Amino acid sequence: MSKVMGLREALKRYVRDGSVLCLGGISLCRRPMAAAYEIIRLGIRDLHLIDIAPGMPQILLALAGSASVVEGCWHGYELFGHPYMWRNLVERGPKETGYRFNDESHYMLSLRFVAGWLGVPFIPTYTARGSDLWNPEFDNLWDLRGKRRKVAAKKFAVIENPFKEGELVRLLPAINPDVTIIHAQMAAPDGTTRILGAHFDDFVHAAAADHVIITCEQIVSRDTLAVNPEMNLIPSVYVDAVCQVPYGAHPGSCLGYYDYDPWFLNELVRVTREGERNPEVFKRWLEEWVLGVESHDAYLEKLGLRRLLALRADPALGYAPELPRRLHEMPPPP
Amino acid sequence: MSKVMGLREALKRYVRDGSVLCLGGISLCRRPMAAAYEIIRLGIRDLHLIDIAPGMPQILLALAGSASVVEGCWHGYELFGHPYMWRNLVERGPKETGYRFNDESHYMLSLRFVAGWLGVPFIPTYTARGSDLWNPEFDNLWDLRGKRRKVAAKKFAVIENPFKEGELVRLLPAINPDVTIIHAQMAAPDGTTRILGAHFDDFVHAAAADHVIITCEQIVSRDTLAVNPEMNLIPSVYVDAVCQVPYGAHPGSCLGYYDYDPWFLNELVRVTREGERNPEVFKRWLEEWVLGVESHDAYLEKLGLRRLLALRADPALGYAPELPRRLHEMPPPP
Amino acid sequence: MRCLHHHKEVKHVNGKADYTALEMMVVQASRMIRDGEVVFVGTGLPMIASMLAKYLHAPNAILCCEAGFWDSRFLHIPMTVGDSRWYVGSTWCAGQSYMFSLLQRRRIDLGFLGGAQVDKYGNINSTGVGVQLRDGYYVFGKRFEGSGGAADIASMANRVIIMMKHERRRFVERVDYITSPGWYVWLHDFKHGRGRVRLVPRWELGMWGGPEAVISTMGVMRFDEETKEMYVESYYAELGITPEDIKRNTSFDIKVDEAEPAEPPTERELELLREHIDPEHIFLRE
Amino acid sequence: MRCLHHHKEVKHVNGKADYTALEMMVVQASRMIRDGEVVFVGTGLPMIASMLAKYLHAPNAILCCEAGFWDSRFLHIPMTVGDSRWYVGSTWCAGQSYMFSLLQRRRIDLGFLGGAQVDKYGNINSTGVGVQLRDGYYVFGKRFEGSGGAADIASMANRVIIMMKHERRRFVERVDYITSPGWYVWLHDFKHGRGRVRLVPRWELGMWGGPEAVISTMGVMRFDEETKEMYVESYYAELGITPEDIKRNTSFDIKVDEAEPAEPPTERELELLREHIDPEHIFLRE
């Protein structure tokens, strides 16, 4: 029972306007960017985004107008620059923009996914005490609570620990996204997924979800993945669709296969920085690299073979050791 | 900073009379049997045993008089026979025997360890509704609650789900054993532990504990385990002691290294079955195989090379495919 | 660890059949497994039944066990829940917190259970009989192995099949201790203190799933859609069993009106069982 | 993802030194790392400081990051939190739920944090300034990247070291938004409704740990044992910094009485940094 299908077909089948969507990976690494691009091309809107370590794809979906509700802890590009345009979006406020960003911390989100994985309704925590993340005045989803599907009835609750008199404990509601999309190195047609390197909590991202789409560098046979099964992160049961999308995490990295693309990232940050004054700059970029590109294959064609080869990982190390990385003095892109 | 030490030294350092002890593995597989034997030899008593899948080592500690409190879900030998003598111990009751067995289910215990791993005080669950496991009249630790260290203040609590009006949810208290002992295939001197095959929740067994002792078939270098680090289950931070104990799970199996010992298990079940009428039979066995044996090396000597070779695993399969297994018509032991 | 090995003691009933009651049970169980289902099996007959189903009508059924092995293609029959034989062909190696979370997330299609007692509502006791409070502690007249994962499976698998030796002391009006909940449970009311018990249907507790069939050494029982009481669907006629035998070996009043002779094993089923699945005759010996 | 790359804009202050303020910060941080410690680092200077410590006095320090890499021996400097360069030599590959559980279990000895604002009690703001409620929603005059794991680290690491660019607008009396709690926090009282705020010491909230030092581009600050207010321990004299410079670039009243010139980097430290640890000059460029 093969779950192999095209990326567009998988997205059309599982992601709808208003879906609660989780995109795996962390920061600039192993993120399902091809899927994010395709969601923008499909014109899917009003997404509720939630994952443990949001960043590049979530920013793009926000700037492209695809997302309206985000429960997140961070948005940025690390060394490559600040989340320009996105910060303006947040500064203008939900009333004006229709875009809500609700702040939590990594561990708060992580625990909410753990609860989702386990199938329990909430989970206690001691984290971030004293932080304004727990400030009850700060809840940008207040008017959606009890109204919008899968927005928790409360941001959090406080109870007395029934096992320890007098101790107040904070409870966080579980998360069960409608769809989680994960980019992996390898997957089998039955959905078995192998991830090399740190898994960035992609197991709980997948296990908490109602549906899972895996995009992967390579589809391999089930029997290949039955060798050293300890290396497999996500079992077939969680997975609904397997899509072979080589370089599907570009411009981010995918351990063992390719490195991040510093030329592309520099450019992306540049157009969003300039886009703060002149949104046309970003619009042109979006048209050039996303909307005006027919598919991920066409995107890779446009990047060109020489660029993709320059990013290719050294198989022993997992990344491209000779990649130029001094961002202020990059040679021209290959 | 090597954590390598002898098994006896490790046990003397971390396990005391009254300790809360968790023994990893499941049923007859990859259980720290050498450690259980050594605990009996050291005369440690009044242990509070808790793990997700108790069985062979916990029965032995009960019959040897080392354990007095058990939170468990099951005790037995599967196909090899019933938990003779232990069932008598339970039938006679705590008042007479000083031994308490408190019933939970696999998932109840598993979730309590998950909570212990995460560092949260309790965890909700929907499991086992309608089962007498939740019967508030049945709690064999009632008079220890609030009195004995690390016995939870309550067996469970019921609250209204603060995120869903009118839904009652059961909460289980977290477990943090004083010491978890795990038998693994490989460990490095720094404590990094690799487990082949299903891990039987030994990660949460370790991560929930205050101290961890790893007994392993082979100590290998840290750099060996830095190849395919995805295969490593337990990181160094959790581990206090690493003890090289070949065949440390005998008479149980250890995937990739050896199979279970059907001759030994048949004999163990026989002496406990006969022990129900005549406790001397078991006492003699205990003297012969545990108390009267100086160390695990001596135990292996006593078993003999030919026996150990007969149990040796086929490296391609992970077990001994030619092992005689028709328990009622076994050939003589090699 | 839902251990069914007491079935090894079941004696072949002299009838016209060339197969045993154990083989018949395995065949009946196998036929209830649907293709593509995730089947949570313990050690013993359900494992063999699942392998048989995979050879025949359910090649895509996924076998998993509480120890954490996923979608095993074992070459030799495991004898214990964490048996290394499970490893062969598995595509995932997890532990109990992972496997049981699948139950709580309703991802397990079918679970098999055994036990020492079953009652008319499909409640199972695998903990002990003669439960009583003595000196404030609960004790048993006769203690068994305990729940293991049985209570979790019974409460959270999408459907459950029970396999039991058919004896009067095992098929009881009401189990002494509910290890694994069936359709109606005798619930101890948390709010109203000790001793207050009421009979509650599982759906009122927010539970899904429930026992679908009981496959015994004498026949196959199901539960009435309305009353949720056990009735006899079929009996092993070829093994010399009659509906009356079942009635006599059941200590509650069981309906046998609609009982029909069970469909016997095919030659192919018996060949697969004996020559391919359990050639060591570990489970299927007489 | 506690990003310190704004430090790349720090200009070399002309003094008599042949090293930069960034290098000085790294050296100061490195010296605070003890052998055998588990150090939770983000991308940037703390990572480099930890590697330097491992080359010198703390060979058994364990570097880990929120992405899940454990005890990495990277050969090239990671530029992002999940950078594949972290993989080299790692002995564990986990994810955030694992790494942060170590914090909650008090297993992380030392965490490093940066941010846009720090106040006298060591509270850090990396979320935004000019926070206000508008139309019922909270918004910011200027928004930053957000907490990431900073709030978790600040609240649960056994000790915390802060690294910041030293500017008046960054060293403030009270941060606009407490992303990461310091020694005293302005707490919104859950029980007494909107707007009720009181200053509470972290230990009253049951918290352990707390910020130990602030390493800025001008000097090293610590917190008074009694008052928990920030004071200047040392200043980068060789880089031309005076205690007065620090006072002028701090918008709260900061004690400088006990400030001493900071111990400069050794040749060995600079050589390791420049030639072995960051030869690509990714972080340490001027």
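The chains carry the letters A, B, C and D, assigned in the order they are written, with residues numbered from 1 in each.
Throughout what follows, contacts are C-beta pairs under 8 Å (C-beta built on N, C-alpha and C of every residue); 3 or more make two chains touch, one makes a residue touch a chain.
Worth saying up front: this structure is predicted, and the values here are computed from it rather than measured.
Greatest Cα centroid separation from subunit D: this falls to C. One simple way to say how far apart two chains are is to compare their mean CA positions; for subunit A and subunit D this gives 26 Å.
Averaging C-alpha coordinates per chain places the centre of subunit C 58 Å away from that of subunit D. Separating the CA-averaged centres of subunit A and subunit B is a span of 39 Å. Of all residues in subunit B, those that touch two or more other chains are 111, 114, 118-120, 125-126, 167, 197, 199, 230.
The multi-chain contact residues of subunit D, meaning those touching 2 or more other chains, are 87, 90, 93-94, 97, 104.
If you draw each protein chain as a dot and join the dots that touch, the picture is not a line, a loop, a star, or fully joined; it has some other shape. Contact annotation for chain pairs lists A-B, A-C, A-D, B-C, B-D, with touch applied as defined.
Here subunit C touches subunit A in the complex through residues 36, 38, 60, 62, 70-71, 73, 87, 89-94, 97, 101-102, 104-107, going by the rule given at the top. Within the complex, the subunit A residues that touch subunit B are 111, 114, 118-126, 152-154, 157, 159, 161-164, 167, 169, 171, 173, 195-197, 199, 228, 230-231.
The part of subunit D that touches subunit A in the complex is made up of residues 1, 3, 5, 43-44, 66-69, 75-76, 79-88, 90, 93-98, 100, 103-104, 127-128, 131, 133-152, 154-156, 177-181, 185, 187-188, 190, 194-195, 200, 202, 205-207, 280-282, 285. Contact residues of subunit B toward subunit D in the complex are 1, 117-120, 188, 190, 192, 207, 222-223, 225-226, 229-230, 232, 235-238.
Listed in rising order, the residues of subunit B touching subunit C in the complex are 25-30, 52-53, 55, 72-76, 78-80, 82-83, 87-88, 90-95, 100, 103-108, 110-111, 113-114, 125-140, 142-143, 158, 167, 197-204, 253, 255-256, 259-260, 313, 317-319, 321, 325-326, 328.
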